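Shared between the two complexes below is subunit A, which has subunit B as its partner in the first and subunit C in the second.
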Partner chain A sequence: MDVTGILDEHKNRFKSIQVERLVPVEFDLGLMACFDVNMIDEAQLRASQKARDTYLQELSREGAQLMINELFSLPTTVDEDSVYATLPAIRTVLPREKPAPKEKPMTRWEKFAKIKNIQNKKKSRMVYDEEKAEWRPRFGFKGVNNDDQKPWLIEVPGNADPYDDQYKARREEKKERIDKNARRAQRNFEENLAVEKGMKPRDMRKRELQSALVLSKGSTASMGKFDDKLAGEPKVKGLKRKFDPLVKNSDKEKSNNMEILNRVSKGEAKTTSVVNVRKAQRAINNAKRSKKQEK
Partner chain B sequence: MRPLTDDETKVFFEKLTKYIGRNIVHLIDRPDEPYCFRLQKDRVYYVSESIMRKTTAIGRQNLISLGVCFGKFTKTGKFRMHITALPSLAQYAKYKVWVKPNGEMPFLYGNHVVKAHIGRVTEDMPEHQGVVIFNMADVPLGFGVSARSTVDMRKVDPTGIAVFHQSDNGEYLREEDALF
Partner chain C sequence: MLLKPKAKNARAKRFLVNRDPKIVENGKTALFVRGSTTSQVILDTLKDLYSLRKPDAINFTKKNEIHPFDSETSIEFFARKNDSSLFAVGMHSKKRPHNLVLGRTFNYNILDMIELGVERCTTMQQFKAQTCAIGMKPLMIFNGEAFNQNEDLVRLKSILLDFFRGEAADKVSLKGLEYVITVTAGPAGANGETGLVFFRTYTTTLKKSGTRQPRVELEEMGPSLDLRVRRVRQPTEDMWKQAIKMPRELKVVKTKNISRDGLGDKYGRIHVGKQEINKIQTRKVKALKKHLDDKPSKKQKTSNDMADSD
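For the complex of A and B:
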């Protein structure tokens, strides 16, 4: 049986997988991209639409064929039923999607640590508790740091009143530590804000206090007009409105009014331009009919 | 008494254009004598310039009114048109509605104008547009806002509201104390 004829016929049905290119095509298989810098035949582009379409389709097919050839030459891994090609690392550098994050300003502790050259010692999350013979977190839920909060016994220290609640005292100390930390974080935030704005933190606080003072003075029922003023308080200046003179030059007044009127009518025209469709259609029909009659 | 600031003029003209459109030009630019708008105690008065100059002699507490009062500015800065502006509005109105004799009295008592009472309407009137209401003898009765466009008016049943009442001549009697 001569099957070569049938095989040839089958092969000729599909286009060739070998593609010739003058300049070799560059591949970035990590992105499944290929960059073809060959010149496009301008004559083909300017030809009829059908010829142009077939030319461009040929180009795209050949480009895709080249890439698929490369993809098939990659190393493969076999999963349950399917074969996967492992793509190499991406080579083209893609631009940033979002702007780069700003440098965060240093906190007070960070500045101090820098001067004294104190390094941050990394601590593990879990600590081995000898008593309970298990690993517990250093802080947080069931953490080792909270062991002193609810012991079964607390000795009253020598200098304390025997009727004081020591458990309460422990709780309050912890709360105070947390609040102190929060205050310090807030202070860091405000200082950095002031530095960002270009002012010293102390001056910024002073300004805020002054504006708060002025606002609070005006928050009385009579807007602060009849309150006793402290000695040495600066007088708060309000806005003074300036009106046009009563008897103006009539031409100037007229032109001013006309200007404002123009602005207003422009705004009105934009919002309320109602077209009567029937009337417009009638006008178009009349124009067409008169044109026909002329002919 | 003082002239209006630019912002106040803008608000005032915006309200006026709803009723008379570009015809405000005829109010500003008069052939016989220059007229101007002045503000006294939040009310806008339309007065000829010669009379206005004479009024400068009267003190603020003693001056009640001058020229024609068009309306007043509310505390929040919006402008409210009064019935005293009707003669100027009626002269230059863009959209007019004529009311049948049996519909005059309900309107003058302060009710909205119902479709059954409408005699004539200017064509191409859009919805929510300022209209001036006349009786069949072309006497202006008041002004209001159209409830529907002329085209939609045909579809409404006769008891439907055609024009929302805003101000009518009856207010001279009903709101005597508010006029000054």
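For the complex of A and C:
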């Protein structure tokens, strides 16, 4: 039985998916891009717009066909009645939009957990509340741990004074917990800052205290000059002001004055703007013009 | 220099954390700005590119005094405020008609940009084809060896790949390959100057082909642009190096010392260091004590018993 006829008929029913290219096309499937270095028919591109567009469409169709062939041969996963092709890693180097994040320094707890090899147990967000027979968040709004926001009754614990306000006690405990957490976070921050600067945290605190002391000393009416010094306090070093003697060498005096003159007139006008020459000139010109108009 | 804003509630904090540098980054947002004078051609181009780039795109409809090649401050300010790392500025002047500047920023500073003259633009509305859904990833085709050789075109290729990349994805739905962007390098000019670049966009239809891979048919969707490369600003060496630096977490870790044989069994190799056999701590046997060798006459009752019991 000759089946070649039937096979040929079947083949001719569908259009070919083969594309011929002299130089193999490079693909970057991670980006879904292809780079074709084959020779382009320049005559077609220089021709009329319509011919050019038809040629470009043909070229694009072939390129797209090649890419579709590649994409359909990738490993696939089926998910919710649509087929997904797993893309490989990107090969072209593309720049990031922001630099890579700096590594955050470890907190005290993290260092401890690392030594003791304590793993972080992931807890679920929702917890089943037996009493109310519903799912509630573990923390936060309508959370399981916030039940005692305003309980209608609090038993006085055995060791407490019966006249103490237990509601107030609860509020204060919660506030203390929050403050403790904030203090610890602040301590972590300061320690990491000190480590970044290459100092021990204790030394950094010492330095800060000393500079604060010096500043506070000078905040009196007489700038701390007549205050009694405590025993063992270090001598505060201030800025030493140097004054030239009244009667100077005449050459030196001349050169100093010339320097000042130069600075004021031209020399450093551009950099230190002692006198903004442009503005001054404009002011003079405006004055002259207004004088002329008056006349 | 904008001050770093402080978050006053959790929502604001989440917003700021989203904009912080990350290991795996968000998709890049593109900003479309108009210059002080514009032409209809360039406005159409900007509008079409914006619709291709949605939803990760911001369109400024007011005119701005903006000259990217002369002053970088306005672009950097916009990038910082809008958290956009791609920008497209359109303007028109007698010297540079229908001017389109495409560029990227790194860490809110201009990384590189390319100035293109739009010599012809056919908008999406002029083609009667059905446009594709918003947010689809396009297939990109670059035709011509000039894209590997000509420095300006290499830069253009890099910028266009970044521009139309869309969200980073590690898998793609085979039904969602809806459109194709083709960039072809035209013939070079007489003096070796860069030729026209033909930018074409098509929608795809996949037809049966009797095999697993379908047959692709294209229909032009637009925009269709003929671009002339004008000025190019290449990135500085160190900025480029910093920009392509991959964070350590993303580097692929090679699995060493693990292999599979033909039957599928997994084999591992354990490297044991050099062992000092003389210094290994074994069970203490009195008979093996060194000083007992000096007095051979003494009877070793216990050790003999032990020997017998073995």
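Just so it is clear, the second predicted complex is superposed on the first by the 149 of 295 C-alpha atoms of A that agree within 3 Å, B and C clash if a C-alpha of one lies under 4 Å from a C-alpha of the other, contacts with A are read in each partner's own complex, and residues count from 1 in each chain.
FYI, a contact is a pair of C-beta atoms (placed from the backbone, for glycine too) under 8 Å apart; a residue touches a chain by one contact, two chains touch by 3 or more.
Note that this is a predicted model, so its numbers are computed, not measured.
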Per residue count on subunit A, the busier partner among subunit B and subunit C is C
Contacts for A:K279 in the overlay, against subunit B (first) and subunit C (second): which applies, first, second, both or neither? first
Practice task
Pick one for A:L261: touches subunit B only (first), subunit C only (second), both, or neither.
Solution key: first
### Message
Quick check on the superposed pair: does A:E176 touch subunit B, subunit C, both, or neither? Answer first, second, both or neither.
### Response
neither
| request: Identify the partner contact of A:E208: answer first if only subunit B is touched, second if only subunit C is, both if each is, neither if none is. | output: neither
Checklist entry - A:E253 contacts which: subunit B (first), subunit C (second), both, neither? => result first
Within their complex, subunit B touches subunit A through residues 1-3, 5-6, 9-10, 13-14, 17, 21-22, 24-25, 28-29, 34, 36-38, 49, 52-53, 56, 123-124, 126, 129, 149, 151
Counting only contacts in the complex, subunit A reaches subunit C at residues 10-11, 13-17, 31-40, 42, 45-46, 49, 52-53, 56-57, 59-61, 63-65, 67-69, 71-73, 76-77, 82-87, 89, 92-101
Within the complex, subunit B is touched by subunit A residues 243-248, 250, 253-254, 256-258, 260-261, 263-265, 267-268, 272, 274, 276, 279
Subunit C contacts subunit A in the complex at 20-23, 25, 28, 85, 104-107, 111, 120, 137-145, 147-148, 157-158, 161-162, 165, 169-175, 177, 180, 182, 184-187, 198, 200, 202, 204, 206-218, 220, 224, 235, 240, 242-248, 252
